[in-house]
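You will see two complexes here that share chain A, one where it goes with chain B and one where it goes with chain C.
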Partner chain A sequence: MALNLSDAALQVALFVLAPIAIGLLLGIDRKVTARMQNRVGPPIVQPFYDLFKLFAKRPMLMNNGQVVFAVACLVLQAAAFALFVAGGDLLIVFFISGAGSVALVLGAFSARSPYSYYGSQRELMQVLAYEPVLLLAILLIGYREGTLMVRDLEVNLLPGLALALIALFVVLVIKLQKSPYDIATAHQEIVSGPYVEYSGPYLGVTKLSHWFELATLLGIFTLFFWDENLAVSIAGKLAIVAAAMFVAQVIDNSTARLTRERMVRFTVTFGTLLIALNVVLVFLSKEGVF
Partner chain B sequence: MAPLVGGLASLGFRKGRQIAVPVLATTLVVMAASVLLLFDMNSAGMTEFEMSEEGLGPMTWAIMVLDFALMAYFVITGLRLRNNLVIAFGALQIVPMALLEASVFGEPVEPAFVVDYLAVVMALVISIVGSIICIYAIKYMEHDSAQPRFFAAMLIFLGAMNGAVFANNLLWLFFFWEATTLCSYLLIGHERTAEANESAVRALVYTLGGGVALAMGIVLVEHYYGSLSIAEVLASAAGGGPVAAVAFLPFALMALAAFTKSAQVPFQSWLLGAMVAPTPVSALLHSSTMVKLGVYWLLRMSPALGAMTELAWSIALVGGLSFLSTSILAIAERNSKRVLAYSTIGNLGLITMCVGINTSLAISAAIILLLFHAISKALLFMCVGVVKRETGSLDIDSMAGLRDRMPFVSIAFGIGVFTIMLPPFGMFASKWLVAEASISLPLLMFLLAMGFAATIVYYSKWLGRILQAGTRSEGPSPAKDSLSRVYKYTLGALVVGAIGISFLIKWVVDYLVNPYVEPTFGVSVGGSSISIFSTLGEFPIVVFLIIVGLMFLVLGMLVRPRQEELSKPYLCGESYEFETGGFYLTNMFDKDRVTTYSNLVAVVLLVVMISIPLLLEVDPWL
Partner chain C sequence: MGLADKSRLKSPWMLHFDTGSCNGCDIETWALLAPKYDIERFGMLNKANPKHADILLVTGPVTKKVEDRLRNLYEQMPEPKLVIAVGNCASTGTPFQHCYNVNGGVAKVIPVDVFVPGCAARPEAIIDGVVLGLKVWKERAFAQKDGKGDKETEVRE
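== the complex of A and B ==
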């Protein structure tokens, strides 16, 4: 497989630009949220100001375990996204990104601190809630298309897999740390959960890895739309992301935090049912019923 | 191959104060023999290696006599324990076996032993991982009063396992199968406490019951296929042998026997009870012997299952169910050995499920999983064993901050957990293949997805407990740990094995997995120098291994916070000592209810599995 040079350049560009786009997206997110609450809100580039400031600060930590796992989290999330951009196996992307989440949890566990401890236990609950749905959605793509390689998925998935996309939406709410499922970070309750013992540049590292994690997830969202025409294709992909983010903001601003039990129960049953329904539809269409 | 069986038994029995010498010698011989076997087959380019029964004349006799002695022993044990079930199961084995021996007596089964690559994988796992556990046990059991009995049982166990995977005669397989039952019974009850005795008897009842199913299956195989050669029967069942008729029933019964051996739901309780045994026994039962015999036997039967869709589906569902229910149950468990036991049942469930899916991809995944699971699980058990010896506790919560107290074991344990659940290690590669294989039977995807997530949860929170450390600039050095050298070397060997073989996965696939999978199923997994491929995707495993390896090595060495950089935990301004409880989520799912429901579903599945072929067979007679 000869790697086309311009392809490679494009992939590198995507890899660099996507986290920046995520930063902007989060900035817009804060702005829109503020407007929904009748506030002015911070400038759109505020996430970048925050990130740079964190990296300029003096490092403070409890012990080396925290840092090792925080960097591991960043490397794994970045690697997962890189593999995604390079058109690799979607299942591997999912598992590597999942390993990144585990690294974050282990880093938070490494510091003997009650808030950090409860935060990471809750983070694990979130994993228990969203991982099955995300994995099922990916397997469903493989079931329908017969491949899991991102580079081979050049087909419009939306008509056939709309229900799976709805199920994935719940995953996005959890991963964005938004109400009603901001269980792990739960501000005003357990401070910021797994992040509480991180500060300065190390907190920056965890923030950056979260951006990569979101980039991978939103990347999976973009896979659902594809068109022969490149411009239409890109517009459609952006529309999916924008729509998903907007709905997440509306939900965030109109709900209160739920308990972790309810989160797990709802996501697992709701997500599984939607995807099961979708599997049946795909099966029927494969059998030629419609 | 002779030293595998013969040498083991004779050396194992030698009694003496210096038990370490014969044990060490035997394990070395066994390891060398298994590796030589691999090289022999490889250099000769063989996919299969047969050994005729001629020249083994006395052995046929010996095995027959020993077999009946064994079954008689079980009946006597039953009488002694006044346990009616044991007596009944023992008798139910003797009667059909006696009838069968009477009818086929004098007809040799050719060849006596068949060694293909599935058997080689098993032999490597049994001989190498099993031997490492035996060496570890020398240290672990050093203050035990009944060492000769213990090590004799351990080594005979290894010999019986090797015999079972090489045997081509179903009667011989049955004998070795029963021999492992005996060894596990003796080892589980080794400590002779009331609890140990009870668990040993429970294990005996379950596995003897499986033995009855196996005996019935063998009798029916003889009835339907007119042969006792495994190779011949499988060829017939798959549609290419001398007998055209396909009968499900014997295979359904033999699958049932495999489920009891591998402790699949609803038979899981004997393996959980077996946790009272000394830790090396648990390690042996879980990684390289006993439970692996069940899934080995399923894998062995897998070529015949292609023609038996209902049976294959039932097997897949039982496996998937075992994986899902045990993964959930493990979250609610605080005893470390029981968590590992659930994890074993779950992983065996994955292998069982793969056999049921019965595609090339699934069978490849199953073999890779079997291999890597053995290494990682042995490592985890041995770590827990060391912790038990040093701290006297098996409770997960009491392991909080173990990183500071026992650095070597903690690192070994961490690597064990990483290799068992996280990319980019070999075990993970097989899970990836399992996930892809499940696509061909979408119902299984749902069992898998929840099970994978639950696995992550229970292993992460356990490892997290161990990692908890307070404010400090430098942790204790694992190199200066005052741990016994025996522990360090055996744990170290498995750590190197688990990581090293992940690097070598291409060769594992090319030389161990594909030669077995190819003739029946075709090839679906391949390796290049940096990746492994499947029909659905690609996993650049070596690239990731290097990234992850470098990352931990470099960071582990570089990150040494200076004194002025240290911070204290955030406590909202309070200054009290805090105590954090474990998260066992008992309010989310009731352990007993999960167990009851999954057993119930499994029983229904088993009834379906047995009754469909039964009805199919009975019908023509009407």
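== the complex of A and C ==
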């Protein structure tokens, strides 16, 4: 398929702007959280201050492997998002992003530190919890639309796949590292889990890769709304993201952390159950029952 | 002032270490994180991890037992970093100054940038100390650019 120049320019612009948007979104997140706790909170550009500061710190590393895995994580997450923006296959996007999470875990395992080990075990547990739900949701989109290519998904998925969107919301809470599922980065418990042995610029690299990971996931959220009118389409996509983030903040501020077993049990039962119900609904509508 | 310097002043992450304090200064330090003083509005976060921290807030007179751990934490923090001695004990060791098991102040073990007086140091004074520390940082950054090297500048509040 011949790609015209303006399309390519738009995709590059999206690829560059999305991490900036995620940074701002996380800044708003911190501000809203602070207001919910009756605090003033940091400015909304705070995540950028944090990131630039980290990149300006003097490098300190445990071993070379740690840095290699951090960079691999960034490259994989950025590649997954780039493929998503280019309108590629959702399943491939999912696998590349999953490989990025594994790179983070391997980086944490490469340092001989109990907190780092414990954090990466928990990170693997999180992957075990959210990947089945995410994978099934993506396959369900493919089943309903007959395609997994992002560029061909020009249809409003929300009425048919509302249950799958709710299941994906659980994935978002885990990937945002928010209560009750901030299992791996449990800051009062195991300091910051897989990130504990990273410092300075390398911590910045892992942070940036987390932004790309979120960009990919929220990108999948935006696929659920589509309209003939471009302005309505964009407004609807933003509304889904804003609503999901707000509900995640409310849950974050009103719950305590659960154990990792309960996380896996909940996502694997509740998440897959919702998707199974949705599969039945999609099947019935395909058969023309309603 | 470049983007890196500005970000550094806007995002000082702290590590709090108790070197045998009576917990008076610790309670005042923790009060900073609560809604009343809310230091997150300055971008400060409590990181509880030396590898992520920029500012080391030390309370207590530094007992002989804890000396090595304090040095260890200090060495694990990546440059550029600040050390703030919070309270009279951390500043000079009073009233434990001549005890056989006490070093008598953080400055006997690691270089200190700012001393915050008080028993216990009030949260407002600790915030002032951090602001003063950031000022020292800024001056040091400029001095480095002028080629004067990074001499330890000790400032007493």
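Methods note: the second predicted complex is superposed on the first by the 290 of 290 C-alpha atoms of A that agree within 3 Å, B and C clash if a C-alpha of one lies under 4 Å from a C-alpha of the other, contacts with A are read in each partner's own complex, and residues count from 1 in each chain.
The rule is short, and it goes like this: a residue touches a chain if its C-beta (ideal position, glycine included) is under 8 Å from a C-beta of that chain, and two chains touch if they have at least 3 such contacts.
Keep in mind it's a predicted model, so treat the numbers as computed, not measured.
Undergrad: When the two structures are laid over each other on chain A, do chain B and chain C clash or fit?
TA: fit
Undergrad: Name the contact category of A:46: first (chain B only), second (chain C only), both, or neither.
TA: Touch partner of A:46: chain C, not chain B.
Undergrad: Now for A:35: first (chain B), second (chain C), both, or neither, which partner does it touch?
TA: neither
Undergrad: State whether A:112 touches chain B only (first), chain C only (second), both chains, or neither.
TA: first
Undergrad: If you stack the two complexes on chain A, which partner ends up touching A:136: first (chain B), second (chain C), both, or neither?
TA: After superposition on chain A, A:136 lies in contact with chain B alone.
Undergrad: First (chain B), second (chain C), both or neither: which does A:197 touch?
TA: Both chain B and chain C are touched by A:197.
Undergrad: Treating the CA centre of chain A as the corner point, state the angle out to chain B and chain C, nearest 10°.
TA: Reported to the nearest 10, the angle reads 120 degrees.
Undergrad: Name the contact category of A:56: first (chain B only), second (chain C only), both, or neither.
TA: second
Undergrad: Quick one: name whichever of chain B and chain C touches more residues of chain A.
TA: B
Undergrad: Could you state the shortest Cα distance, in Å, between chain B and chain C after the structures are superposed?
TA: 5
Undergrad: For chain A, which residues belong to both interfaces, chain B and chain C?
TA: Touching chain B and chain C on chain A: residues 58-60, 191, 196-197, 199.
Undergrad: Which part of chain A faces chain C closely enough to touch in the complex?
TA: Answer in residue numbers: 30, 34, 37-43, 46, 48-53, 55-60, 187, 191-192, 195-200, 203.
Undergrad: Residues of chain A touching chain B in their complex?
TA: So the residues of chain A in touch with chain B come to 58-65, 67-68, 71-72, 75-76, 79, 83, 88-92, 95-96, 98-99, 102, 105-106, 108-118, 120-121, 124-125, 127-128, 131-133, 135-136, 139-140, 142-143, 146-149, 191, 196-197, 199, 261, 264, 268, 272, 276, 279, 283.
Undergrad: Can you check the complex and tell me which residues of chain C touch chain A?
TA: Per the touch definition, chain C meets chain A at residues 3-8, 10-11, 13, 35, 38, 40-43, 47-49, 51-52, 54, 78-80.
Undergrad: Going by the contact rule at the top, pick out the chain B residues touching chain A in the complex.
TA: Counting only chain B, the residues touching chain A are 400-401, 403, 421-424, 428, 431-432, 435-436, 438-439, 442, 445-446, 448-450, 452-454, 456-457, 460-461, 463-465, 467-475, 536-540, 544, 547-548, 551-552, 555-556, 559-561, 565-572, 578, 580, 583, 587-588.
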